[in-house]
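Structures are listed in the sections that come next.
Next come two complexes, and both contain chain A; in the first it sits with chain B, in the second with chain C.
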Partner chain A sequence: MSTQTRSHKATKVLERLTKKVNRQIAGTMLACVHCGQCTDSCHYVQTNPGDETFIPAWKADRVRKLFKRHMDWTGRVIPWWVKASSVYTDEELEELRDIVFGKCTNCRRCSINCPMGVDFASMNRMARGLLVSVGIMPEGVSVVSKDQWEIGNQMGVLKEDYLDTLEWMEEELQEELEDPTLKIPVDKEDCEIVYTINPREAKYDPRSISDAAKIFHVAGESWTMPSEGWDMTNFGLFSGDDDLGGAVAKRVYEAVERLNGKTLVMSECGHGYRSTRCEGPNWSQTDLSFKAESSVDTMLRYIKERRIKVDKSKNDFSVTFHDSCNNARSCGLFEEPRELLRLVVADFREMYPNRAENYCCTGGGGAMSMSEYTPQRLKSAKVKADQLIATGADKVVTSCHNCVDGLNDCIKHYKVGMEVTQLVNLVADALIIEPAKTTVVVEEVPAAASAPVVEEKAAAAARPLTGRKILVIDDEPDVCTFLSTVLEDNGAQVLTAADGDTGLALARSEKPDLVTLDLNMPGKDGGQVYEAMRADDELKELNVVIVSGKPELRGLIYDKDVRKPEGYLDKPVSEETLLTSVRKILEVGEDNVN
Partner chain B sequence: MSLVEDTTPVEKTINGTVVRLVKDDITAMDIEALVYYATSDLKLGSGHGNAITMRGGMAIQKALDEIGGLDLTQAVITEAGELKAQWIVHAVGPKFQEEDMEGKLKTTVLNSMKKADEKGIKALAFPPMGAGFYGIGLDVTAEVMLEAMTEYLKGATGLKEVVICANDSRDFVPFKNQMEVIQ
Partner chain C sequence: MSEALQFAQTTLQEVALVFMAVVYMLRLRWIFKRFPAAKERQGSTGNPDTNPRKGFLYSWAIIGMPWVMESSRTKPIMYGMFVIFHIGVVVAIAESFIIPYAPGFLAANPWLGTFIQVSCTAACLVGVLRFIRRVSDKGMRAISSPDDYFSLLLLTVWFAFAALAGTNDASGGEGFLLTYFWMTAFFLVYVPFSKISHYLYYPITRYYFGKSMGNRGTYPIVKSVPGYVKTAGE
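What follows is the complex of A and B.
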């Protein structure tokens, strides 16, 4: 019997362990025969040959030893034989944290390759939950979890900002389809569909909201978005916190019931789909009284029922498809996205391996929020990069917002030269919009007056940033030129700075409306510049968009206790993405241009 | 069975002070003061802290930086910047299964009300203290908070209104149940 003192946190972890081990986990604890089948299935192992600490069975043994010691008779009688041991200190718990959060994305590829049925990912998630319960977790997990608990979504989007984004997208769509009656309905009761999204869409990718709205509109759907319970993602899946999982899922389910919706439709997000459709009812102890489906199913149904028509020649580039681990391996959503893809693109190429055997985007399991592990995450992304390159495709499509970010990081890091997109974008782009579906309102304007007014409006719409002053801080001349050209072409007055000190000085003297800020610069880096801006009374309210090609530097901004930037764009930045972001932040719509 | 819970506000009066349970967004509330469940380093951080910063501005964190830090169970008051509230009571409560959670939580609630009283605050809103992210069970939070409030309000106080602001129905129901047993 050991007489070693055990820390309070270690005691609590062991107490909770005995409560969290259910039959499935017990099977996983007991069944491993260390045959090695899991080893090569893991992308971390493949990119770290010779390092046993990445092998799934080795990682599992760090948790299994506790089970053996405290819950299995063999560990009490012959602990040296079954390698049972306990945990005593907070430092040991922190070492375990770096394994369960930093060396595994819970992708479950090892799970399906285990002949004994060992589901390491489920065990790993449980271990994460044990550590989270005593406050031991990566900083990013803490930040995101607290936002989702207290603000109601994992990106801390305030209700007013969410509603503002929907209104903005509605106006954009009205302009695009020349239909002033088009709505993105909020809290409308008795609809067929209640549509829920990933907060990344409201914060960084509003086009995916307007694309979905366009599809619903053309399909003539009765649909709405809820003002509360709209975040269908669930960080409880990543943190292992079942209470968070249940609370978040319940908010979504309540929203559907409150609005008396018939079907809950989840936008393209792998972990959101798994959490809300598959795991949420268990976490929240709820029986769903409505249908729940992925928007992939919804869009496919619309085409099959001829509610929308598509022309695949509009998407005249080659695409491949990345199966999200949560959609595919954990929920069986394999064929539906492929069927839809073949209807909306002319050149679809499989990636190999695919479906349940596909490799993780390497940003799964919450890895994108854990900046301390970014170098080893990007190293493991080599497997994904090789898969992407082998397809020779122009674009990679995925039905998961987390994968969009993971793939973008991988593509940039390994210079793959590929664009990432989602099915909702491709379907929207392929839509055949018949005149009958839109109402064009023609105002009668006296002939003499109409021409100058129309010309003036057209000119303003062509240069929507007229009157705005924007400061571009970036040490790469090519990037500086690109950003400046796009912004100037759209009417903005642009100032440029090639280093942080010059940028700060210009910000103070010129008082720009918005600053784009690179992170990786010689001298004062973007993180220091950003911190200095937020600490400066004159500059603290500045709108800042981070523009960076180094995802591993995100921590320079997001790990600091300062107000978060108004936008974050990954390099290379497309013209459309840049303008969408800048216009949203400056609240410049098509019809409120200067 | 319907998932939608009745979250109609519930009220009790304790020695002349109204204790009201509502479901709302505490950082957007129009109330004289609100309590923020703070950390010892007084960094606002994410969650409600993030909402306070985004809605209230950077002045709040700046004021906290000047104070520096605070011991467990203690509370400190700052102005609330551009929030609808005028004051924020930053109270450092227990977290993540630490020892004597209930005792520390009760002291934190009592100290929050004491600080508010010292400032002459009449209306004060609390979140479910320590529940959610910090892992204190909702039943425990509800019982301890209402016990502390009842004890405090039975003494001399200038507080006229104490509001418990639940994030969602999951938060609301245990407090509603606990409100029903208040004498």
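What follows is the complex of A and C.
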């Protein structure tokens, strides 16, 4: 062995490597024959021809060389013969970080294409875990892991915000279905179903919660959502940290046990499903005492059991389906979403390749949180964009929130012109709601008073942002006009600023209720403006919604150690999305206007 | 037959074989004792018609089903080369037993000698093509180690001598036979320390991967079928 001195972190990584390798990983370390058969299964290789550093076997060898040097016979005696070598410095560990986090989404496409059964993705995950254990990881991974350890969910959604969102969705749904008795039950014991979600739903996509609630309601299900342990996503899968993985999975299991639920249902999230349903029991050393299923299974069952009725003609557009790697390749969830899709849409077109052979959305493996690798991620997304374009579909459906973000980035970057949606939305839209399923309570109002009250309520509902002051900071005149018009039409007083400095000055002088902030602006960019706001005592509590068309700039916000924005919207933003988000943040329900 | 050839065919082979067997035993012991298998606790998911048992059986058999994996389905020439190469390996190994222990059978069945020669020559040619690919392709060079080059060269040259020795005809001299048997012995000693021992790991890696994929309903793989493809003008 070399007498070269080794850094503390390198020493720890090697110590942990020797403890961490199990028989499955040892097989993967030993069995590669460098045949190159897996090379072009990887989307990174396909989009970076000629760059051998993206080849799965090359990437695997960066980890394998350590195993060979320290644990295998030939590598210990004649390392150069089998390209075995060690690691000595933190810089070398950082280089390894950029490979295991930046050049692989752990999608497992190479694994299923290896004739030898080499599961590189699992080995890569282990390598991530080793680096994380010594604090070497992308900034985003560190921030998200911290949130999941400390706050209990990976988006730092506070319990009160989560409960507020449920309450708000409950009110919306009561209004939509004209049923004031409709509930989104929280912590109800002895239910058939305990429903857990991705925190992205509470933060950016509450409609998926209300859609699920609508389906449960129409199906007459006995269900509840837990107030603790409601996040079924698990960053441990991405960071390779089995301790985090086990702790997070256990929180969810304990919630089901505490509430004495019969079935744990996970909303549509690929890595959440894989972590909670498949890997969680291994990480947490727990044998589940209840049934666990994806909401896709639940919705399909409702239709088959005729507990809900759907009309596919309500979804009269063409859709294709993207298989999430975690759902499909790693958990075999192939046919259920397709069966469900065929029941709720009129025109379904397969993407090719599909099922276990589908390509990653390219935002997998936690890549969405690692902004430093965004350019190479988006470059690799060309493979996905080509797949999408070939279908000619209007919308792409996926059963994964992470894929929704990955696909949205891909679609925007390559101007694919497709919308991304999930099965829960399509099922909710296709629902046939019979009057008997809803109870309409007619409030008795004294005849004389009723007309003005109703008129007043109607006017308020039509302009829900009345009395609110909103500052729009965006350098694109078209966007500025669109955002101001929508907000003004809904009653808000709108101020606009075309650059960061003016925006900051206006925020200080006008004290708006909410700011929409573009990221890519001349002069002070959105990240700097945001940081200045959070550092300013007067402005730090401001509600901020980032509105950006450049996903690669997310790091300007999310990599900073400051409170996260209240909302994040991708451009082009629709009127409905903008209003839903603004109303949610300002806690303005349609019958709850100041 | 000279004493040298007699020694090379029998004693040398037996010693080399025993050495290989001992090293392999130690190797297997190392794998099974040093690395405990991770237990999979999760309940089954996906296709209800499959299970861990089906999964690992399918996984073991996958090498004989070129239509299953995209990597073999889309590269039929590579798969054909793989088959020829490995048939060559089996034949050349069998030859090292047939010549010393059943020479009469070989003499009585001239087709067998021809078969050995044809299959080993084909495997040798494939070896040459594989070597050219490994040297000329930038990606292959990037993932190759000295052991990869040497093992491939060793096998390719060994195939050549296995073909030349295939009919066990020493009338033109014992050179080919002697070289073939000495190479076989070296091969047996070298193999446990090289990539060539991948066949020892194949059942292990494929067992665990297949078992897990069977439990999760991914194996047997449902072949991806081309769906709707947008046509020009659409």
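Keep in mind that, in the parts below, the second predicted complex is superposed on the first by the 593 of 594 C-alpha atoms of A that agree within 3 Å, B and C clash if a C-alpha of one lies under 4 Å from a C-alpha of the other, contacts with A are read in each partner's own complex, and residues count from 1 in each chain.
As a working rule, a contact is a pair of C-beta atoms (placed from the backbone, for glycine too) under 8 Å apart; a residue touches a chain by one contact, two chains touch by 3 or more.
The model shown is predicted, which means the values in this text are computed figures rather than measured ones.
Novice: In the superposed model built on chain A, check whether chain B and chain C fit or clash.
Specialist: Superposition check on chain A shows chain B and chain C fit without a clash.
Novice: Just chain B (first), just chain C (second), both, or neither: which does A:44 touch?
Specialist: Touch partners of A:44: none, neither chain B nor chain C.
Novice: With the two structures laid over each other on chain A, which partner does A:335 touch: chain B (first), chain C (second), both, or neither?
Specialist: In the superposed model, A:335 contacts chain C only, not chain B.
Novice: Taking CA centres after the superposition, what's the angle at chain A between the directions to chain B and chain C, given in steps of 10 degrees?
Specialist: 100
Novice: With both complexes superposed on chain A, which partner does A:568 reach: first (chain B), second (chain C), both or neither?
Specialist: neither
Novice: On chain A, which partner's contacts cover more residues, chain B's or chain C's?
Specialist: Partner touching more chain A residues in the overlay: C.
Novice: On the A-aligned overlay, A:238 touches which partner chain: chain B = first, chain C = second, or both, or neither?
Specialist: Neither: A:238 stays clear of chain B and chain C.
Novice: Counting only touches as set out at the top, which of chain B and chain C does A:286 meet: first, second, both, neither?
Specialist: A:286: touches chain B and chain C.
Novice: Check the residue A:111 against both partner chains and state whether it touches chain B (first), chain C (second), both, or neither.
Specialist: Only chain C; A:111 stays clear of chain B.
Novice: Just to be sure I read the superposition right, which of the two partners does A:8 touch: chain B = first, chain C = second, or both, or neither?
Specialist: So A:8 only meets chain B here.
Novice: Check whether A:134 is in contact with chain B, with chain C, with both or with neither, and answer first, second, both or neither.
Specialist: First partner only.
Novice: In whole Å, what is the nearest CA distance you get between chain B and chain C after the fit?
Specialist: Across the overlay, chain B reaches chain C at a minimum of 15 Å between C-alpha atoms.
Novice: Taking the stated contact definition, name every residue in chain A that is touched by chain B in one complex and by chain C in the other, in rising order.
Specialist: 286-287
Novice: Within the complex, which stretch of chain A touches chain B?
Specialist: Touching chain B: residues 8-9, 12, 133-135, 142-147, 149-152, 156, 158-159, 243-244, 246-247, 250-251, 253-254, 257-258, 286-287, 289, 534, 540-541, 561-564 of chain A.
Novice: With touch defined as at the start, can you tell me which chain A residues reach chain C in the complex?
Specialist: Residues 21-28, 30-31, 33-34, 36-41, 50, 52-53, 55, 57-58, 61, 73-74, 80-83, 111-119, 277-282, 285-288, 292, 320, 328-335, 349-358, 389-393.
Novice: Going by the contact rule at the top, pick out the chain C residues touching chain A in the complex.
Specialist: Within the complex, chain C touches chain A at residues 31-32, 34-43, 45-47, 50, 59, 62-63, 69-72, 75, 78, 82, 137-148, 193-195, 198, 201-202, 204-210, 212-213, 216-218, 221-222, 224-230, 234.
Novice: Considering the complex alone, what residue numbers of chain B touch chain A?
Specialist: 1-5, 25, 28, 43-51, 53-55, 57-58, 61, 95-99, 127, 132-133, 135, 167-170
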